[in-house]
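Each chain gets a letter, A, B, C and D, in the order it is written, and its residues are counted from 1.
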Amino acid sequence: MRIGVLTGGGDCPGLNAVIRAVVRKGAGVYGHEFVGFRDGWRGPLEGDTMPLDIQAVRGILPRGGTILGSSRTNPIKIEGGVEKIKDNLAQTGVDALIAIGGEDTLGVATQLFERGVKVVGVPKTIDNDLNATDYTFGFDTAVNIAVEAIDRLHTTAESHHRALICEVMGRHAGWIALHAGMAAGANVILIPEKPFDIDRVCAYVESRFKTRYAPIIVVAEGAHPVEGQMALQTGELDAFGHVRLGGIGETLAKEIEKRTGKEARTTVLGHIQRGGTPTAFDRVLATRFGLQAIDAVHDGEFGVMVALQGTDIVRVPLQEGTKELKTVPPGRYEEAEVFFG
Amino acid sequence: MRIGVLTGGGDCPGLNAVIRAVVRKGAGVYGHEFVGFRDGWRGPLEGDTMPLDIQAVRGILPRGGTILGSSRTNPIKIEGGVEKIKDNLAQTGVDALIAIGGEDTLGVATQLFERGVKVVGVPKTIDNDLNATDYTFGFDTAVNIAVEAIDRLHTTAESHHRALICEVMGRHAGWIALHAGMAAGANVILIPEKPFDIDRVCAYVESRFKTRYAPIIVVAEGAHPVEGQMALQTGELDAFGHVRLGGIGETLAKEIEKRTGKEARTTVLGHIQRGGTPTAFDRVLATRFGLQAIDAVHDGEFGVMVALQGTDIVRVPLQEGTKELKTVPPGRYEEAEVFFG
Amino acid sequence: MRIGVLTGGGDCPGLNAVIRAVVRKGAGVYGHEFVGFRDGWRGPLEGDTMPLDIQAVRGILPRGGTILGSSRTNPIKIEGGVEKIKDNLAQTGVDALIAIGGEDTLGVATQLFERGVKVVGVPKTIDNDLNATDYTFGFDTAVNIAVEAIDRLHTTAESHHRALICEVMGRHAGWIALHAGMAAGANVILIPEKPFDIDRVCAYVESRFKTRYAPIIVVAEGAHPVEGQMALQTGELDAFGHVRLGGIGETLAKEIEKRTGKEARTTVLGHIQRGGTPTAFDRVLATRFGLQAIDAVHDGEFGVMVALQGTDIVRVPLQEGTKELKTVPPGRYEEAEVFFG
Amino acid sequence: MRIGVLTGGGDCPGLNAVIRAVVRKGAGVYGHEFVGFRDGWRGPLEGDTMPLDIQAVRGILPRGGTILGSSRTNPIKIEGGVEKIKDNLAQTGVDALIAIGGEDTLGVATQLFERGVKVVGVPKTIDNDLNATDYTFGFDTAVNIAVEAIDRLHTTAESHHRALICEVMGRHAGWIALHAGMAAGANVILIPEKPFDIDRVCAYVESRFKTRYAPIIVVAEGAHPVEGQMALQTGELDAFGHVRLGGIGETLAKEIEKRTGKEARTTVLGHIQRGGTPTAFDRVLATRFGLQAIDAVHDGEFGVMVALQGTDIVRVPLQEGTKELKTVPPGRYEEAEVFFG
C-alpha cells in the first residue's frame, strides 16, 4: 500500500512524533510505502510531495513543529478543490491518506471520506477542545510552558506588590487557562465559557493584596466580561484565529489599575506555547496516536479518527471529533474557583 | 469537624498540592479544622502533630516533598499499634483522617477503617502501579525527568559510538521505563514484567550501531533476564525498596561490552526522579485528588480512596487500590517494541 | 555592628542570593546584626523595617524576587528625603547600609555616602548595562529564558514558513538581545546602539526563506530604525522604564509583512525574563557579591560597590558603576553579524 | 585555504557551536574550504574525513555532542603516528588544522605545531581545569544540570530526614562541585584539592539535622579523605578517566550512616552532565571561541589556542593551556565554607 501523510492547521508539539510512529510501524512492520504531502491540504491540492521513509523520520521525535510543513489551505473553499485532490492522489498512486489536524483539517477529511477517499484522521489541537478524545497532544506541553512562565511571574508580582496577568491561548475553550491556572496557583482564572464580573475580579485582587503574596490572573485570550460591563478592545485575529497583542490581557490590566489603584501588568505568552520539544506525555500520546492510525489504515478501517479514552487509544467516526467543541464544563471551573482570591 | 492529614512512604512530587487542596477547600469552603500528623503513621502513633491551616499551605503548591514529613513506620507491625493510633486520634480530637500514600499506607488505612476509624485514602506512587486509578501523581514528573536525562544521553552516545543505559525506577512495574523509553526514543526498553533475552538486546544494540545514531537502553531497576541467562548481580535494596547502585544497569553494561565488543555506560537516575517541583499534569491531578478527598470526608463517605478514571476523579473502595499491582500489559509493551533496534 | 539591607528598582533573579550571603557571613561569621528595609528606599525613608537574621534567609537562595520587596521610590526627588533617611538610620541604630540596586539605587547610595552615610553598593541590572563590572546577576537568567523561548519559536517558524520576531528587554543597551540572539541562532539581531536599516533586515529575511529554515529576529525593546525610515510607534513606558506592548516588535512585524509579503509574528517576552529561579551562574555571582559586600562593611571600606572582573570579585568606587552606561561595543555586534541572513 | 577541523576527548556541550562558528565565518566571510576529520585524532591518522560546509553546520548550534564524532586516540602513543598525520594532511590538501579538545588533544596539537603543522587549538573541558582561560564551554551547562538535580534532592532530603549526597564530575579539580554546591545551597562541598576530615563532615551533617532542612553534600568524584581516615573504595575508571559507579559518593554515604546513625543516600549524576543542549553562556562562549580560532588561522597565527579573559576572547600560546592544571584556589573554597553546616 502507498499511504499519504499530511499535517494541517497551527503547529503543535507532537506532530513529528505522530509522523514518525506512522512511518516506523507502517514501513518497518507492515511494509507499506509513504509519501509526504507538504503544507497541509496545499500538498495534495497542488501535488506537492516529499519523500517519507524510515530515514526521513529518524531523530524527529523530540522536535517541535512538523517536517511536512503546515498551512491553513482549505480545499473545500476552493472551486473544484476536492476533485483536484482526488486526481492528485490517483496520480501519485496514493491508496490512503492519514490527515493530522484540528477541526478544519478533520472537517475536510470527513468530506473527502464521504466522497470515497480512504482517510484516517489524527486529532490535533493545542487548545484541547476537540470532542471524543480525553486529551490531544500539544496541550500538555502548552500548559507546562504556561505554568513555568507563571511560576516566574509570582516572584516579580510579590516583590513589586503588583497584579500580574498572564494571557494564554484559548479562543473558544478555556482548557489551557484552567489547567495552567490551577497548576500555577492563580488567584483568578478567566475563560471564554464563563463571562466574568469585573467587580468580582477586582475584589479577588484586593483580597489577595492583603496576604504577603500578589495576585496572579490567568486569562484565556477569548475570555470576556459579562455584557455591558467593560468596553472590550476586541483585538485583531492572527492567521491561527488567535487574538493578537492588544487583547483581553491588556484591557484587563488597565481596568484593574483604574478600579483598584494598584499596578497591573500583562504578559502575553503567544507562540512560545506551541513550539519546541513536546513533554513526555505528549510524546507518548502522539506516538500512540500514530501507531493506532497506521493500524486503522492497515486494517482497512477508514472514516475514523484515533482518540484517547482513559488510557486506551481507540477509533471513533471522524465526524465525532468535529461535531461540537469540547468546552470546560461548569464543574471543572468550580474546582478551580476554590482557590480564587 | 477536625480532620487529620498524613503522608506516608517515599516522597513524590504532588504531595504538597494534595495537602493544600484538602486544607483550602476543607477550611476555606467547609469550615473544618485540620491537624497535621508528622512523618506518616509515626505521627498518629506517637501523637506527633503540627498546625495545619490555610496559612501553613500557602506557597507549597509548586514545592516537591511533603511539609508533613514522611516515614515507612507501619503500625500494623507494631504491637498494639492500631490501638495506640485510635487512642491518639481520640485524644487529639480528630474525627476523620486523610491518609496519602502508597500500597503500605493505604493498607494500614484499610485496616484502620475496618476497626472503625473514619478514613479516606489518596493514592500515591511514583511507579504508577496502583490499581483502580489511571494514573497517580508524581509519575508524570518522574517520566519527564527521565526523558530530559535520556535526551541528553543521546548526543553523548552518538559522539562516542557507545551504548548508553539509563536505569530508572520500577521494582515490580515498568511504567516509568515504558513511558520514558517511548518518549525519549529508546532502542530497547526492559521492564520487570517481561524477562529479557540478552542475545536479542545485543542484536538490537548492534543493529543500531549501523545507523549514525547510537543505542540507548532504558531499563527498570527490577528488570531481569530470562532464567539462567546472565549471572545477575542482585543489588542491595534501599529504604524505599528500590535497588541501590550496582544493580541491573551496571550488570547489563558489562554484559553488552563483553558480548558486542562496544563500549557501554550506565546512568542510574536515582532520587532525582522523585524530588523537586511537579509537572503541570501532576499538580492538577494532585489538586483534584485533594478536592475529592475532602469532599468525601465532608460527605461522610469513608473507607474509600480517590482515583482518576478518564478525566474524572471518582471514589473507589480502599481495598480496590491495593488488592493487586497494576503492571504493564503485554499490549502496551508491544507498542514500544515497534521502535526497538 | 548593626547593618541595614535594602533592594531597589526592578526585581532580578539573584537578589535573594545576595541578601542570604550578606546575612550568613555577616551574622554567622562576623557576628553583626541585620535589619531589613522594606521596598527599596521607601524602607529607610519611612522607617519601615523587617527582621533579618539567619532564620529569615534560609531556603531563599533559589527563589526569584526579593524577600525585602522593592520600589522605585527615589529619596533625592523628595523634599528632605536624604535627611529623613539619615534620621531613620540613626533612630533604628543602623551603622551601615548595604544597598542592592541599579543605576538609580546606586546613585542615591553615592549621594548618601557623600553626606556621611556608611554605605556599600551591590550592582543589579538585568540589562547588564552597569559600568565597572563584567556582568551583573540576573542577566544570565534573562538570556537563558529568552534562548529557551527562541528555541521554541524556531520550529513554529519553520512549520509555517513565517518570520518570527522575539522582543526582549533592553531600552538603552542591547546585551540581552545580543547574547540571546547569538545563542539561539537568530538571523538578525537589532539593538539600540545601532539604528537598523529596514531594507537590510528585509533582505536577510528573504534570503533566509530560501533555506529550509525560517527567519528569527531578536529585537531589543529600545532598537530603532535609522532616522526617517519607518514611522516608529513609540510604545508606552511601564514602571520599570521598559516599553510596554505595542512597541518595536509589533511595528517591525507589520513593516516586514508589508515589504516582503511574508507573514511575520511577534512574541514579547516581558516580565518572565526577570522572574523565577536564577541560573547557576547568577546564584554564584550573587552569592559572591554578597560575601564581598559584607566583607567591605566589616573592613570599614565604604563608598564602594562590588564588581566582577574576570573571575575576581573586587571593590570599586560607587560612582564608577553609574557614571556611564555600558553599551554593546561595535566589535561584539560585528561578531554576531557573521550569522545574519 | 583548506582547513581541517577535529574534536577530541570526552564530548562537551558547545562543540557543535564551535564547529558552526568556524565554518560560518571561515567559508561565509573568508571563503576558505573545510574538511571534517572524524573521531578526534583517529580522523587525520587514518585519513577518515567528512564534508564540512555551511549546509553541514545548519541547525547544530543547540545540539550537544559533536557532529564530527570523538575518540581518545592519541597519535603520539602510536608508532609513527605524527608522521602519518602529516602525510594525511598533505594528501587531503589540508593547509591548517583547528583542534578542539582538552589537555590531551591540545598536547598533541602542540607537538604537531612543533613539527611544522599549522594548528590552532580550541580548549575544551567540562571540568574547567584548563589553564589560561577563565572558563571553558560545557562547564556552565554541567553546573546547571547538577544544580537542577540538587534542587530536586533538597525536598526529598527534607521529607525523609535523610542526608543526600550528589556526586559530580571532577577527578583532579573541584570546579563543578564548588559552583554547583554554592549555587544549590549545599551544606558541605568536597573537592579533590582539599582532603576532607570525615569527623567534620559528620559534624556538619548533624548540625544541619537540627534545622528543619536536611543535609545535602556535593562531592567531586576525585575528592578523598585526609590520609588514613577512611578505607576509600577506589572505584574503576571509565574511558574518560572519570570514576565509575561505586566511588566516593557511595563510600561516603556508608561512612556517614555508620557514624551518625542517620540515613544517607547517593546520586551519581554521571553522563547526563556532559550531554544535551548547551546553556546560553556556553553557546555564546563556544561561538566566540570558534570565531577567534578561524580569525587566527586567517591571520596566519599558529601554535596558539583561544581563551576567555574577562569578557575578551584572546589568543595564547598552545602550551599555556596545558602546562598545568587549573585547580580551585583556597580562597574560593573558603567562600563556600561560609555556608557549610
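A few notes on this one:
The definition used in the following text is that contacts are C-beta pairs under 8 Å (C-beta built on N, C-alpha and C of every residue); 3 or more make two chains touch, one makes a residue touch a chain.
Protein names from UniProt, one per chain: A, B, C, D = Pyrophosphate--fructose 6-phosphate 1-phosphotransferase.
In this text the structure is predicted, and so the values were computed from the model without any measurement.
In terms of the stated touch criterion, chain A and chain C have no partners in common. Ranked by distance of CA centroids from chain B, the top chain is C.
Distance between chain B and chain D, defined via averaged C-alpha coordinates, is recorded as 34 Å.
Per-chain CA centroids place chain C at a distance of 29 Å from chain D. Rounded to whole angstrom units, the spacing between the C-alpha centres of chain A and chain D is 41. Multi-chain contact residues of chain A, defined as those touching 2 or more other chains: 151.
Chain pairs recorded as touching, per the definition above, are A-B, A-C, B-D, C-D.
The residues of chain D lying in touch with chain B in their complex are 7, 10-11, 15, 39, 63-66, 69-71, 145, 148-149, 151-156, 158-161, 164, 238-239, 245-246, 250, 263, 265-268, 270-272, 274-276. The part of chain A that touches chain B in the complex is made up of residues 21, 24-25, 28-29, 58-59, 61-62, 134-135, 140, 143-144, 146-147, 151, 179-180, 182-185, 211, 213, 277, 279-281, 283-284, 287-288, 291, 309-311, 335, 338-339.
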